[in-house]
Each structure stands twice: as C-alpha cells, then as structure tokens.
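Which chain is which? They are A, B and C, in the order written, and residues in each are numbered from 1.
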C-alpha cells in the first residue's frame, strides 16, 4: 500500500523537527506514518462542519496570577547542569542565522 | 523625502514594547534590566522539563490599557505556540497570540491630523539574549554564542499598524506618538536604546493607487532617527532596483547605522513554518466588562489630550510654538508647565523654558520640583531676573538642585537697583549721541541697541523692560 | 503486604516506624529489581530523610499525615529535586531537576516516603514500557510478559510488593492499562484535578498524574493527597481536593450504569466475560444496567494519534542540547540540535515527533490536527449525552491480558490499538478507574474500567469498591 506521505515531505518534517534520519529510517517512517494517517481518514466519516475545537474541557478562563516577584533559581545550580557554560551564560556553537 | 518618478512609500510598523511589570509574563522572576546574567531565572522561564506558565495579571491589564489608548476592541483571546528552534528560546517555542489577539483594530491620530490604523496588539513573551564570540560581536563570523535568559519570559506587547504610513516623517511621528502613549499608560518606559521599545519597519513602494509591492522588513532600528533614515534608504533602494528591471525579494534586512544602509539578514522561506497551535497549558482570556471598566477608569490622559489642553492655552499658534508644545508633550513636561501656569506663569514662557532648558537636562527633571520651576519663572516674569539669568538659574537647579532664591543670591543675580540702572543708561546716552538722537526721534529699533549695551556693561543683570522704561522716561 | 492505609495507621500509632517500613520496602526492591527492572533509580538517602522527618513528627506527638511512613514509587517523568529524572530517555540521562513537582511536595507533606523513580516508555510514549531507553520492565506476575505502559515501572513496583503505592501518568491509558495488566487499581483523574506542575509533558491537554494501588481505599487515599487546585498550573481545577474516602461505601443502589458496546468490541472473550460478571454484581447491588452505543468513540484512536503527537512534538522541542541533558557537539548550533536529538531520542519518540510536526505543518493542519480537535469536541458531546442517561459507564480497560515482551514491539499500529478503550476518557478530560476483576489466560489479571463525567471520582470509587468486595477482596 502506498503511503499518503511522500518521502520528501518526511525529510522536510525531519528537518523542521531537528532530526537526522538515515535513508532506511526515512523509508520506514514514511510507511509507518502513512499507516497512521491512512487510519486517521476515518475521521472524515463524521460531519464536522461548524464543530469548534474545545479549549479547556471544563471551560476555565481568565486564570491569572498577581504581579509579584518570587525567588529565582540559584545560577550555579542551573549552570552546573549545562552541557557548556562560560561567564555565567550557556555556551552554544555558532548560530548560523538570525532569529525569525 | 519624496520619491522620484511618482513612486510612493508604503510603510507598516511593528512595535514591540517590554511591559513595566514587577515580574515576568508567566512566572515570578523579576522583570529588571541589567541584572547579572542568568540570575532571574526559574523552571518556567528557563523552559525546564515539567514547568508550566501562569499569566501575569498586570501584563493583561497593561495590554488592555494600550488597546484602550489605541481605540481597539478588547476581545476574548487565546494564546498560541509559535514553534521554531533558536538557542535564545528556552522552550523552542514562543507563547504568543495568533489569530485571536487581545486587542483588535484601532487607530492612532498623529499631531498632523493624519490617522494610522492599528491592526492588532497582542501579548507575547520575550526571548533570552545572546552575545557572540570570536568575530566582530555580530552574528556573522562568530564561532560561539553565550546565552543569558534573564530577558526570557519578560512580557511584551506587539503593536501592528496598518500599511497606512506614506513617509518616513510620518513613520517617525507615529513612533513618537505611540511611545508617548505607551509611557502614559504606564506600560513602558519607551527606551529604544535600551531595547524596551523595538521597532521593525515593513517597507515597500508602489505607484499611486497600484496594489502594494513586495515588502522588506527592516530591523535594528535603535532610534527614531534610524527609523527615518532607514525607511528613506530602503525606499530608494527599492526604486533603483525596480527601475533597473529587478524585483524586490521578500526578506528581512538589517539597518547599519554607521554605513547608512540596509543589507540582507534573512530570506523569508517556507522553512518558516511556525506550526501555530493553541497553547494547551493556558486557558482563554475573556476580560469581563467590570475588569475593563476598572482599567479604563484608571487611564491617565494621553498625549493627544494633553497636547490639545496645552495648545488651547496659547493664543499664538505659530509653528515655533507648536514645535515647542511637541517637545514638551513628548518629554512628558506638560505637567510642570501646567502647574507653572496655575501658579501664574505665562504659558508661552513656561513652554519655552520647558522645551529648552528642561529638555536639555531631561534626565535631571525627575528630581526637579514644580515649585522650583514656577518660582524661577515668576521671578523672570516679574522682572527680577533677565531671560539669560532665568535660564542659568534653571540649569543650575537641575544639575545641582537647591532653592531658586538661594541660587539667585549665590549667583549674584539680584536686580540692578533703579538708580544704578538710571546712571548706566544716562552714561550710555552720552556715549552714543547719534543712536540716542535716532531713538529719541522715533526709531524704536534702537532700544535693542541700548539694551544690548546695558547688558554688556552689567553682565546681563539688567531687565530689558526696565531699560526700555528708562529710555522712554528720558526721551 | 500491608495496605498503605494500614501502614499509615500503624506508623502514626507507633506500632512501627517509617524507618522500618522503608527498610522493608528497600528489601523488596533489592530482591527483585534486577530481575524485573522496575526502578531506574532508588533514592535511599532521600527516602531516609523523609522517613526520619515522619518519625520525628510522630515522636513529638504530631499528625504525620494520611500517608505517614508509606513508601511510594514515582514514575520517572515526575521531577523530584536532586533526584535523577530521565523520562526513560538518553536525552535526559543524568539530569537532576532543581525543583520538585507539586505532587511530590504534597506527598511529602502527607508523610509519604518516595523510594525511587520507576521505569517508563520513553517520554511516556508507549503501552508496554518496551520503549524505555534503559530496557523493559517485566510483569511481576509473569516476567516474560509486559507490565503495560507507559507507567509499567510504577505498576510493577506495586504488583511486586515493593511499595504499596505508586504514581504514574495517564495520557491515553498509561496508568489504567498497566494497572489492568498487573492486577491493580489505577485511576486517570478528571483533567485538572491533579497538578501537572513538574510532570514532564507529553501531551499537555491529555496528561494527568494518578494513583496505583492494590486496593480501592488506598487509591482513594492517595488521590485525595494528590488532588486540588495548584497556582502553578493554569489548567488545574479551582476546587480543593475532593472527599473520596468518605464515600467509598456509598454503594450503587439506584444508579444507572451504561455498558458501552464500543468499549467492549475487540476485547478478548475472557475479558468480555468478566465485564458481564461485573455488570451482574452491579445489578445485584441495586443498579440498573443499560446498553449504550457511542459510535464517536471509534474515532478516538485517530484523534488521539494526531493530538498527542502534535503537542508532544512541541513539548519535546526543548531537548536541544543547549541548557541541560545530552549534548552531541557539532560545528553549529543547528547541527548540534540535530545530532543531540537524533542520538538522544528512541524510535517511537522520533516517530511521534515526526507525526506531530507533520500534523501541525502548513497545509496539513486543517486536515489532521484541526480535524482531530473537532472529533474531540464530538466525543465530549457524545459522552455528555450518555451521562444524561446514565451515571457512569462500564467497559474493558484493555483488549487482552498482559502480552509477551516483544510481541507487539515491532508494529506501532498494533501497539497503538491497545489503548482503544482508554483513549476516549483522556480526550474528553473525564475520569476513569480500572479495578482488578477476575483472571484470564495463565491466571493473568483482568481489569474492568468504570468511566464517569468530570469530577465524578467519588462515584467511581464507590462503584469500584462494590466490585472489589464482590471479588472477595476486603
């Protein structure tokens, strides 16, 4: 059965998700994801016109907190778990492009 | 600047302002500028596994205040996730508002009576800040970056104008007026140089009435002057490009203030798929009428209203006066001026001194009392101080503080006594018989000559009106 | 092994100490952990401190809480300050959270003694605990079989008598399914009843933390401790913790019960048999049983396998090698992100991230994720219509008893189908409990599922109690 997904789409999605897939994985995922999406076509059996997505199941709204300062984390404790840190900051290899 | 060959500039502005809240948007970390790196962070704003956002009430209120000041509709709204990877984003998604923002529509009327529409204003969280090592300090050429998350999670409101702006001057006026509003609502301190207010300009060109052309987004505008220069540069660049047979590519461009030009930063491509979806960790916002009413009731007068109030007191609405009013309003000095007027000071005098001496020392104004301002100007008005002396006293009070009367004494600015003034004038009349004859015969302009001479002799201690009185008495 | 309620009573009364109960628990852990691979980390030092605190309170004549001295196992996707928390993944191997989840604070305040972190399917994605990066957990009742998932370790801890209580998380059945396969009581509370602050997110709109126990009373006692409004979780229900234990013996006389065909179809015969037996128990106890069909439930699997991966793809983006966890170095940050995530995530996690990213991507949102959200609304409405007719529903928890390790591992779709009866409750945000009731093939336990509207835990517990008593368990 051919997948509703094209291999190039899966490759593009992998890039968006910051995952590198081998060719074998690309093929496998294309097939497996395709199966899930094929199965999902059963949703089209319902008439969903005009149906609105539900936000919170019990309709909670306007949950806010007062504008008060609370204690922050200890920087040393936080940086101790960083893969690489310098001068109190998290260090990363060079960034290739500007932020969107 | 008008473009050649019938081209028209089309500009829309996106302004981001940090909100002046005590704590961050979704957590209780302090919202403060200049702290040691990574000292205002917690599981939420660091995006640690398991952390959840809880919305800051004051941020919502300030967003509503901004919307009200911009004549927007306060609408039920939802938060969305904008998904993309970047090291200054701790969750690799930003919580923002997408198709259901808190403020919908609106407009901003500028001092020149033009109106710029507002499309929307919404809430979102700020990102961390990176510094780049191993190059010029800019992103290009760096080999490593260091990230500070103090700014991550700071509340922002983004205000998007319609593409109604038709000149760089109008863009500047819009930014100026918007800043005044943001400051007046208490939402922002409007400091572009500190980054608490950031402006991006979307610039395109077209021939009149034609459909809009492709636009470029210009970033790195750190002052109103940069904003104006960059728009003019970019518009011309696009004209040259199109007239040379090229096409404008939709992209983000970086403004270089030193070189005075824009350059490509990022080409907008399909890779920018943000996969927006409703933020499941937050619930919807639907501020009820009573909450909105409380905010509206607490709003202070906006620049437009204060400008009108001040201008209404002026009998002479010359350009010079209106310019001075602008300076006063933009610098928030109108309160001092109004109090001086209430205290008996002539409004033109108060505006002039505020727009000049106070404006020149704007950072000290916060420590300057309206009593000092009023007292000094009353002395000038009543002839006890000359204009020059009054300006000196104001500057001294601003930079070193003190009491106006003490400063006057300390500087030896006591009024020249009537008799010594009379003697000085008499001596001058003898020294300059020709000028005196012409004045005596009706040439009023020569009064200025004698006033100038008196000033020179008395080192500015005389009062111009008193000198004229002396001259007239001796005619 | 004693129940949690018994232990708490004896510790509070002085007949035993928290220290002693902890020692017994640790002995039980050591006896079988190597064989069964239940705990990824045993926090003996931390547990001793918690036990000492309880014993200290008791010595001063104070109330040490409803779970005084009771050892408890914590699923390893719940943050506990200073204790390694891996989510069953290499990408968080060695990470110690600098903060604790709200539920941990509540457990400690109630006198419970967290003993360690239990194994799970990586990032809670799975139904067998075979997706853990650190090896599967074995079902204590039959070690060649799975304990279920994703909270397999927590279920095994209780089933193996290592601790009388455990907490897990349930997104599509991850508490109820392993509870059923291990012969335990397991609850997915109403969405928002238990704080998610500190629960490492899989699918934010579906996740809930809940209890594992051998008895209904123990489960109710634990849930009372966990539940109630939390300021740190915007989605948490505004009410304080509900009263559950006090209603355990309310019975079901006069109640209307719906047996839902879509929650039984596809289950093995032996399971269907037990469901019918349970219904008879309910009738004998004075309830009326009504047959119902809720066709919308059939779409649950499709909606779930779009909504959950979509949210997960976003929730798991933060694992990028920048701030904590695994980093695989590279020349630029994007390459580093890719190398880190590729090395750090297992196949099932990658599969779901890919599926979720696709479902949200430009051009496909409406057809997949958008559609699934609408199906979810229909399901909520369908349940609401059913609950106008009946007070609660009955169905199977799982289609089969515990299956063999390796049996479904290579077929994701087959694995996904094991959640068909549990998923609808998560989509609706409502409550459900599984109660052990009878046995099937090879004497393996069967679970009967009771489902109710939001905030109906007290009713569900009292109905579960009826079944428990009928099955000869005190």
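One rule holds for everything that comes next: contacts are C-beta pairs under 8 Å (C-beta built on N, C-alpha and C of every residue); 3 or more make two chains touch, one makes a residue touch a chain.
Note that the structure is a prediction, hence the values are computed from the model and not measured.
J.: Of the other chains, whose C-alpha centre is the longest way from the centre of chain B?
T.: C
J.: Looking only at C-beta pairs that count as contacts, which pair of chains has more of them, A-C or B-C?
T.: When B-C is set beside A-C, the one with more contacts is A-C.
J.: By CA centroids, point me to the most central chain in this structure.
T.: Centroid comparison flags A as closest.
J.: Centre to centre, by mean C-alpha position, how many angstrom separate chain A and chain B?
T.: Centre-to-centre distance between chain A and chain B: 39 Å.
J.: Please report how many Å separate the Cα centroid of chain A from that of chain C, as a whole number.
T.: It comes to 23 Å between the two C-alpha centres.
J.: In angstrom, rounded to a whole number, how far apart do the mean CA points of chain B and chain C lie?
T.: 55
J.: Two or more other chains touching the same residue: where does that happen in chain B?
T.: Answer for chain B, listing residues that touch two or more other chains: 42-43, 46, 54-55, 85, 87, 145, 147, 273, 275, 282-283.
J.: Touching two or more other chains, which residues of chain A qualify?
T.: Correct list: 16, 18, 53, 56, 60, 63, 65, 73, 78, 90, 92-95.
J.: Scan chain C for residues touching two or more other chains and write them down.
T.: In chain C, 95, 98-99, 231, 234-235, 313, 317, 320, 322-324, 333-334, 337, 357, 361 touch at least two other chains.
J.: Which of the residues in chain C end up touching chain B in this complex?
T.: The contact residues of chain C facing chain B are 78-79, 85, 87, 92, 95, 97-99, 101, 196-201, 203-205, 231-235, 310-311, 313-314, 317-318, 320, 322-324, 333-334, 337, 357, 360-362, 365, 369.
J.: How about chain C: which of its residues touch chain A in the complex?
T.: My answer: residues 95-96, 98-99, 190-192, 231, 234-235, 237-238, 296, 298-299, 301-303, 305-306, 313, 317, 320-327, 329-339, 341-342, 345, 350-351, 353-355, 357-358, 361, 368, 370-378, 380, 412-413, 416, 428-430, 454.
J.: Can you list the residues on chain B that touch chain C in the complex?
T.: 42-43, 46-55, 81, 83, 85, 87, 90-93, 145, 147, 270, 273, 275-277, 280-283
J.: Going by the contact rule at the top, pick out the chain A residues touching chain C in the complex.
T.: Its residues touching chain C are 5, 9-10, 13-14, 16-21, 25, 29, 32-33, 35-37, 39-46, 48, 51-54, 56-58, 60, 63, 65, 73-74, 77-78, 81-84, 90, 92-96.
J.: In their complex, what parts of chain A are in touch with chain B?
T.: 15-16, 18, 53, 55-56, 60-73, 75, 78-79, 86-95, 97-100
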